[in-house]
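The same chain A turns up in both complexes below, where it pairs with chain B and then with chain C.
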Partner chain A sequence: MSDSSAWSPSPRELERRLLRRRLRLRSTLIAATALVVVFVGLAVLVVTSPGWDRVREAFFNGHHARASLPEIRDAFWLNVKMFMIAEPLILVLALSLAIARSARSPWLVPLRVAAVGYTDVIRGIPTILLILLLGFGMPGLRLQGVPNSPFFWATTALVISYSAYVAEVFRSGIESIHPSQLASAEALGLGRAQTMRFVVVPQAVRRVVPPLLNDFVSLQKDTALASTLGVFEAVFVARDYTNYNFNYTPYVVVALFFVALTIPLARFTDWLGRRYAERERAGAR
Partner chain B sequence: MSLRGSVVTLPLLLPVLLGAAACAPSDESPTASDSSTGAASCAKADLPLREPGTLTIGTDSPAYDPWFSNNDPTNGKGYESAVAYAVADQLGFSRDEVTWVKVPFNSSYKPGPKDFDFDINQISITPARAQVVDFSDGYYAASQAVIALKGTPGAEATSLDDLKGLRLGAQTGTTSLTAIRDVIQPDQDPAVFEDTNAAKQALQNDQVDAILADLPTAFYISAVEIPNSTIVGQFQPETGQQEEFGMLFEKGSGLVPCVNDALATLRSDGTLDDLEKKWLSDVVDVPTLQ
Partner chain C sequence: MSRPAGAAPADLAPSETSLLEVSDLRKSYGERVVLADVDLVVRPHDVVCLIGSSGSGKSTLLRCLNLLEDIDDGVIRFDGREISDPRVDRRAVRSRMGMVFQAYNLFPHLTVLENCTLAPRRVHGLSRAEAEARARALLEQFGLSDQAGKHPDRLSGGQQQRAALVRALCTSPTLLLLDEITAALDPELVGEVLTIVRDLAEQGTTMILATHEMSFAREVATSVCFLHEGRILEQGPPDQILTAPREARTRQFLRRVLPG
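Up next, the complex of A and B:
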């Protein structure tokens, strides 16, 4: 056991390892070739297309990119402000809606009906129309104390629209909690409200974090819809510049701003999802 | 093994398929650039047109009064519609040989071939724009007007300085907005709107104190569309030379000299003045803001 018989792989095992290495090498080669062929091919296709010079001039002009950058950067804060204000409100409103919808007490039926009606109607209205209706309609009423800032109404419209979608996400989370959890809570003597508070909602929220972040990304981009009310946010600034200079480069610049914001968020979502999955499986693979 | 092979070839085929799809439209573009070599003469048959035998003219929708009438460019009513038909007539096109297409302003300058022979849509000629598209000679020189609701602070203004402290707004891409930014330079950044309708709505909602537009548009707004509004005054934005409205063409279009000839004829025989008087003449007695 001690000296002579140190384990060494059998010839067959060595053969297996060699084969595995060869197969791995082969698939790496194929993947690399496919990558190069597809992306280089696409790039060549775009660059050699007959209108490429015109398109490069119109969309990728360095001068216009530099000229429009400061204004777009400043205006982008308006987008950031808008979704940073909207998102917490959306989460609170949506969770309340989802909980209202899953209420079972007969006293709360009006609440349930209202919640169902809200999600149905609001999700049916295109967000841009909701923004237009609120932004031009509400100030038109000339009610005392009702603000008439377009920024306020655009943000409100986004909160209303997104809370309806997010409420459905929360509801699907709540409904995905296994009935055995409810039964266990009941067995422990928890009431309906306590079960919701301590058992269902914490698990449900954790489960729907990835789709919630998905909606958050979508919200970030929809802040651009506020431009219909004259909110001078980043996309509108880009369009304004474009209208004067007849060059579309600012659109690419503003797109990069949004991408720079959403890619880290997407990676974060993936990481979070993985972490939750690992936790729930408690180490099982 | 064979299954694996087919999976591998799928991404490899992708650029080939895309290539086939992308190459199809590219055959068209040489014909478009052929037209840029210029027409030999301005005879109707020699004109480089999108559709042979028809003059295709673009404008935005809605087409605003008094430049058009009833949002219908084909009726020949309104200044720009009338000018377009007069130019068409000079080039030898009868009224039913003119086709109108809807061209949103911000797609009028997209790269590549245009959907129209020319676009007439109150577009100001500027050097930056002229690098990307071609313009005809100017067919109208607009001064800027300030519109406010009667009895509001905006209506009290008697000079450009009086406007500084107000919330001003105008449509994106217009000389009006440039005039606010460069000439008035208000304390508060101007509100920018996607179109004139949004600007009018904001004025009525007290979201801005005054809006700017070119004088004929302003007159129509105050006289017809918002009866309790008034034109506070007009001014000529003095940023270099006088800005004029021109027709917009694809860069290098051979049609430009012919349209310019037509406009020159219409100007010298008084037609342009007549049309201006007919459709835009109500604009008198508006105080000038200094």
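Up next, the complex of A and C:
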């Protein structure tokens, strides 16, 4: 506007800015002190515990960490691969299930019933059982043209199990969209499918990103369940090493690998959510 | 830069009797200046109407007064204390001001009665019985006693806005801020809300309200401020501003909004 260049802050405003800066500095100091006190305190508590020396030897041994690292790193790649293959499949399958459940056409009732049954039954079965059932049962069918590797069936079991959970996440997102959005889409002449595709689902997906991430982190970790089928993934390799060397350090190494994988994903999702929020609710309070 | 005539100069304004004093208020979002050089004095029992086209800064001004927005310059004094100081306890300030929004902003998960008793119970420490008694009395007074147990979405727009008014009044605020509270209502529902505001004005409630209802402003306001591009271009008693405005822009605005 006209005089944005002519304006200069009043003495009171400058004083206030100084004060704000001081208040910010104070909160930063408090935060830093609290952080140090809490975490140093916890560390001291652990290190001074009577059994710490033995635990350190068994779980935090530098030699064993180095020795097991290459094998675990290679095996962890299998976990990452399983996750990367399963994840997009789960998203597609789960969203289809959620949309099938919200279909209103009478022709689609069988689909709806199937979707409801699927989510109910699959969510009731522990993932590890599903992996065992598929991993040992399906090869027994001697199906032609289907791979019989444990890796394939473990991944399939994860896809089946997680798509049931994620479908419910999507469904809650879809149902959280206010009816007025449906009304205005319908008033514009959009069909039911178009309304879902262009209005409801885009909003629903944005809303459920945090719980979706929650399930993905869980999925990343559950790739370790493939070890029950003898897949040579990271946890299996670590257990193997442990059994030979009587030292648990590899477990800690694997844990660090999993953490290293999930933290960037969490940061990315937070960033994504913030970006949406800034764009769509600018100034609205 | 010359100060618009009609605005009280900040150095003369401070007085024992004023409830709210705004001087040289400035607010910008990045490069965009939304309020500049705003001076305003509100005495107890005043009813100040803010008029002006959309985007002129009426809502932002109200939000600044309630400390919902940080200001970029100037001073706001409320009851003799500077509330634009960063150290001020915002909750304490807000607990003495009531605010009603254009879109009602009732909490949809609570009944009307629960909406009205939330702040009295949780902020002002009233017992459930006291808070409910007061809320029911006000709901009764505003013709909403039948709606107390319902959830807000069951109510008509006019009823919702009246409920929002009751919610703001339940804490017995010293100053009431009303942000275009009839803008989202059907013309036939506007009356029932304005009647309440008129009653409140007659009871001596101090209010600042942003409004598009010119005839209402003329009737209840003790002073009218015309905002244009973030500045108070002109302020004075309603008869003067609404019938014989000094500024060309005010005349232009009034021609557009006043029928005939």
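By our rule, the second predicted complex is superposed on the first by the 245 of 285 C-alpha atoms of A that agree within 3 Å, B and C clash if a C-alpha of one lies under 4 Å from a C-alpha of the other, contacts with A are read in each partner's own complex, and residues count from 1 in each chain.
Operating definition for what follows: a contact is a pair of C-beta atoms (placed from the backbone, for glycine too) under 8 Å apart; a residue touches a chain by one contact, two chains touch by 3 or more.
Treat the numbers as computed from the prediction; the structure is a model and nothing was measured.
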| item | value |
| --- | --- |
| Partner chain in contact with A:20 - chain B first, chain C second, else both or neither | second |
| First (chain B), second (chain C), both or neither touched by A:10 | second |
| Which superposed partner A:210 touches (first chain B, second chain C, both, neither) | neither |
| Touched partner set for A:228, first chain B, second chain C, both or neither | first |
| First, second, both or neither for A:55, with chain B first and chain C second | first |
| Touching partner for A:273 - first (chain B), second (chain C), both, neither | neither |
| When both partners are placed on the shared chain, which of chain B and chain C touches more of chain A | B |
| Doubly contacted chain A residues - partners chain C and chain B | none |
| Residues of chain A defined as touching chain C within the complex | 1, 3-4, 6-7, 9-10, 12-13, 16, 19-20, 23, 283, 285 |
| Complex contacts: residues of chain B adjacent to chain A | 8, 11-12, 14-15, 18-19, 22, 26, 29-30, 105-106, 109-112, 126, 128-129, 131-133, 169, 172-173, 177-178, 189, 191-194, 198-199, 201-202, 204-207 |
| Chain A contact footprint on chain C (complex, rising order) | 1, 24, 26, 28-29, 31-33, 36, 68, 72-75, 84-87, 229-230 |
| Residues of chain A defined as touching chain B within the complex | 30, 34, 37-38, 41-42, 45, 49-51, 54-55, 57-59, 136, 139-140, 142, 148-150, 227-230, 232, 236, 239-240, 242-248 |
